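These are the structures, in structure tokens.
What follows is a pair of complexes built around subunit A, which joins subunit B in one and subunit C in the other.
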Partner chain A sequence: MIAAYLHCLRGIIVREGLRFVHQRERFVSALVRPLVWLFIFAAGFRAVLGVSVMPPYDTYVLYEVYIVPGLVAMIQLFNGMQSSLSIVYDREMGSMKTLLISPLPRWYLLVCKLLAGVTVSVLQAYVFLAVAWFWGVQPPLLGYLAVLPALILSGLMLGALGLLLSSFIKQLENFAGVMNFVIFPMFFASSALYPLWRVRESSPLLADICAVNPFTQAVELIRFALYGQFDLVACLGLAGYLVLFLACAIIGYDPARGLMERRGAPG
Partner chain B sequence: MRTGLLPAVTVLLALAMPAAAETIYVSNEKGNSVSVVDGQSLNVTKTIPVGKRPRGILLSPDGKWLYVCVSDDHTIKVVDVAKQQVVRTLASGPDPEQFVISPDGSLIYAANEDDNTVTIVDVAKGTALGKVKVGVEPEGMAISPDGKTVVVTSETTSMVHFIDATGRNIVGNVLVDNRPRAAIFTADGKQVWATAEIGASVSVIDAAARKVIKRITFDIPGVRRDQIQPVGVRVSRDGKLAFVALGPANRVAVIDAHSFEVKSYLLVGQRVWQLAFNADETRLYTTNGVSNDISVIDVPALKVVKSVTVGQAPWGVAVGP
Partner chain C sequence: MNAPANEPAAGAPALAVSDLSHAFGKAKALDGVSFSVPAGRFAALLGQNGAGKTTLFSLITRLYNNRSGSIRVYGADVRQQPSVALAQMGVVFQQRTLDLDLSVVQNLSYHAALHGIAPGVARPRIAEALARAGLDDKARQKIRTLSGGQIRRVEIARALIHRPRLLLLDEPTVGLDIGSRQDILDHARLLCREEGIGLLWATHLIDEIADGDQVIILHRGRVLADGTVEDVVRQSGADNLRDAFTRMTGPTGPRTAGGGKP
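Moving on, here comes the complex of A and B:
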């Protein structure tokens, strides 16, 4: 029985890996997006947005140093959404059925799918960090090791969010809505681009919203880990959101209770 | 809430950044005090009240006494390093800002900004021995390693004056860019590096010929030209690197002292003012007047490792054992 579970996990990861390898554009675009932010946006704002000394930084940092953890989390956010997009695609194309007729429990299939997505996003994050290193963003070497568990946890949380969303989306065309209603608000209402104390100066309410944003938890856990420190609050927050999103996604995909079947899957 | 990841990580980080057994003294211009910072923990261990508007700060060659120009009290205060308190007052002439100490520690040369003079002070007696008339608003001071030549910059005259220490008279003047604020001799005594705040440049002067041999300018991407205001300057003993504090540009320029090329700009606190090396020149400390902190630069790595909050408007810094 265990062999069957492992076989299934391997199958899904290999399929996701193949998709990743065959779609070079996808890999390049996943990398280009944060690099545009790093090379262009951060350069333009480096003089405008000063960043004060705040944990985990011991001294003043340039703006491009500040936004790197946020951009790493952005890679994972897009990756999570991308894999939810691929589920919708699979469902439309019918290859989802092959997967769902497997005798293994549905929750297990979803977790496998999630792990496959996280593997890809962690790889992308490390490639981005390597490029950033040459751009002068050089955290301590230990930080690169310490950030791995943080990347896995944040990747799982954002992937679970993607799964949950995919259970709601009936057709591929609706995916643009995800961009507008999920990715953009999550990214901008977070500590990715500006520290929360700066947001608080202009709007305390917005700062509170940013503080509970799951994406902020991901950014801060990655930021602290990258500098060899551990942010307990962000870690607990992330774990909480992961459990919540994954549980909802599993319910959403449950044929007995889920929204998917009730709405009627196309094809 | 935020704890160290692992004890092992902490140990490794500690190994990566060797702690220095040294003490840093910072004069706080608006705090009217001197902050004492432990070089190992980088914590402020004591704040010594010294008087109104402390600026120039230096240790005696034997490291036992700390001299602080207390500008608005028109004196130089002497702090006993062991007792960490003010024990004496030296006559300095009006409004002393920067000063230098003769290599044997017996004399102090202090620039009197409001009086257009340099006062020579007998350290043992605490009295003024004489004055040398210089240009308008004298400020930056340097002394040659052999103690024979004293250099003073006058802000309004835009000149670097060379004073013969024995004859106590000006023997040469070098015109530099607008508002020269600080100067330093290289360890071999062959060059004087003088910064110009408004001119946004550093003039490298041949000390024997008394001629500018190189004018160094700065250009930082993303920083406005008028924010680049060079003040404090230090040249490493081996003559390889020079560091220039760029004021409101919040950067310290790293210059190859042989080719005079600017190698990089290190981000520190706001309005970086003066600089000081530690004994083995592995660290450079900067005072950041607006952000009320000092930044610690790892010299071999050319990286800023930490910024530490001190008193109000830190101006000068001295490093002792």
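Moving on, here comes the complex of A and C:
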């Protein structure tokens, strides 16, 4: 019985991988986006935004160094939204039905889908970190290993958010709204581009919003892990959001709750 | 007209729908639908577009959940034992559901994995299914390069990979030429005859139904008739099924062309 679950997981990951290989432009654009930030934005702002000594850094760091964890999280954020988009697409094209008529429990199918997306996003994150290394952003070697569990957890959380959104988005056209109302606010109201104490100087309220932003938890967990440290608060926050988003997504896809149905009506 | 409902589970019908109703908001899509399909029988679900056929399929496959009435697959209630029921059924949806950019084999392997079948078990089954569908030479081709008839045959082959005992096909011949249509019909009848699979074939095309088939006429969400073609024709006092259908649904029956398509 457990074997059946594993075969299912393997099948879903293989399919996601094959689709990913077939969409090479998706991989390139997922990589180009953070590199533009790193090569151009960070270079331009290096002089404007000095970052003082603050954990996990034990010395003054260049702005490039500061934003790399945020850009890694951004890769995962886009990946989560991308899989949300592909689920909506799957649903319109009908291939979501193939998944949902599997005899395995629906929550498990959604978790498999999520894990497949995370696998892809972790690979993307490492490719980006490799490029950043050549650009001079060189965290300790151990950090590259320590960041793996952080990447998995943050990838799961952002993927679960995507899954939840996909259960609400009725049509592909609505996806532009997701960009405006989810990706941009999450990214800018976080510690990805500037430390929170800087934000607090201009607006304490905004700093509080940033502090509870799920994306901030992801950024901070990755940032600390990359320097071999563990941020307990971020880790707990991240896990909490993961459970919340995943539970809501599973409810959203539960046939008894009829969310699927309102979309499909009338068949 | 229905098969006895109280049969022991061993001889339970392939599909037993009883008193099933479903509404989208205020619009009733299905109203007290009851019928059953025995194992080894080719049953045609005949109805115009918008009659509720696709809604019924979505309920049987648990894409929607039924809140009133029951659906049993070989005795297993779809709502209470979804895993048991879903494992017994193979489905070909009206909408095409294959991944166009993956090959035939990749699509079928994905399906096998979703059913928890080990790769070693799935491989020979896929080869066998493709041989039976006459598609061995297309195994490595992308779905995108196949014709409409071939895609349908792949979908039927896929629906059979996990060896279901109930096959559901929702207007599987839409958009196919006459030759491919006949091929698929013959193939489906063969499955009933030789493998003892119970089969529900939704259609709005009367000429897809042959003498001796079971026919269930669905109109505006209600079952108007259920029985062999001969019985239904005789009961309505008509000469043939087409007339019987027209008499029951009325010549001014709603022609909501395109309505209810996903």
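The definition used in the following text is that the second predicted complex is superposed on the first by the 262 of 267 C-alpha atoms of A that agree within 3 Å, B and C clash if a C-alpha of one lies under 4 Å from a C-alpha of the other, contacts with A are read in each partner's own complex, and residues count from 1 in each chain.
By our rule, a residue touches a chain if its C-beta (ideal position, glycine included) is under 8 Å from a C-beta of that chain, and two chains touch if they have at least 3 such contacts.
Note that the structure is a prediction, hence the values are computed from the model and not measured.
J.: Now for A:8: first (subunit B), second (subunit C), both, or neither, which partner does it touch?
T.: The second partner, subunit C, only.
J.: Using the superposition on chain A described above, determine whether A:99 touches subunit B (first), subunit C (second), both, or neither.
T.: second
J.: If you stack the two complexes on chain A, which partner ends up touching A:19: first (subunit B), second (subunit C), both, or neither?
T.: second
J.: Report the partner of subunit A that touches more of its residues: subunit B or subunit C.
T.: With both complexes superposed on chain A, more residues of subunit A are touched by C.
J.: Touching A:229, do we find subunit B (first), subunit C (second), both, or neither?
T.: The first partner, subunit B, only.
J.: Take the contacts of subunit A with subunit B and those with subunit C, and give the residues found in both.
T.: No residue sits in both footprints.
J.: Would you tell me which residues of subunit B are touching subunit A in their complex?
T.: 1-5, 9, 12-13, 16, 221-224, 250, 267-269, 291, 293, 295-296, 304-307
J.: Would you pull the subunit C residues touching subunit A in the complex into a rising list?
T.: Counting only subunit C, the residues touching subunit A are 24-25, 27, 29, 50, 54-55, 57-58, 61-65, 82-84, 86-87, 89, 91, 93, 95-99, 101-102, 106, 109-119, 260, 262.
J.: What residues on subunit A touch subunit B, complex-wise?
T.: Listed in rising order, the residues of subunit A that touch subunit B are 43, 46-47, 52-53, 55-56, 58-62, 140, 142, 146, 224-225, 228-233.
J.: For the complex, which residues does subunit A have touching subunit C?
T.: It is residues 3-5, 7-8, 10-12, 14-15, 18-19, 22, 93-95, 97-105, 109, 255-256, 258, 260-262, 264-267 of subunit A that touch subunit C.
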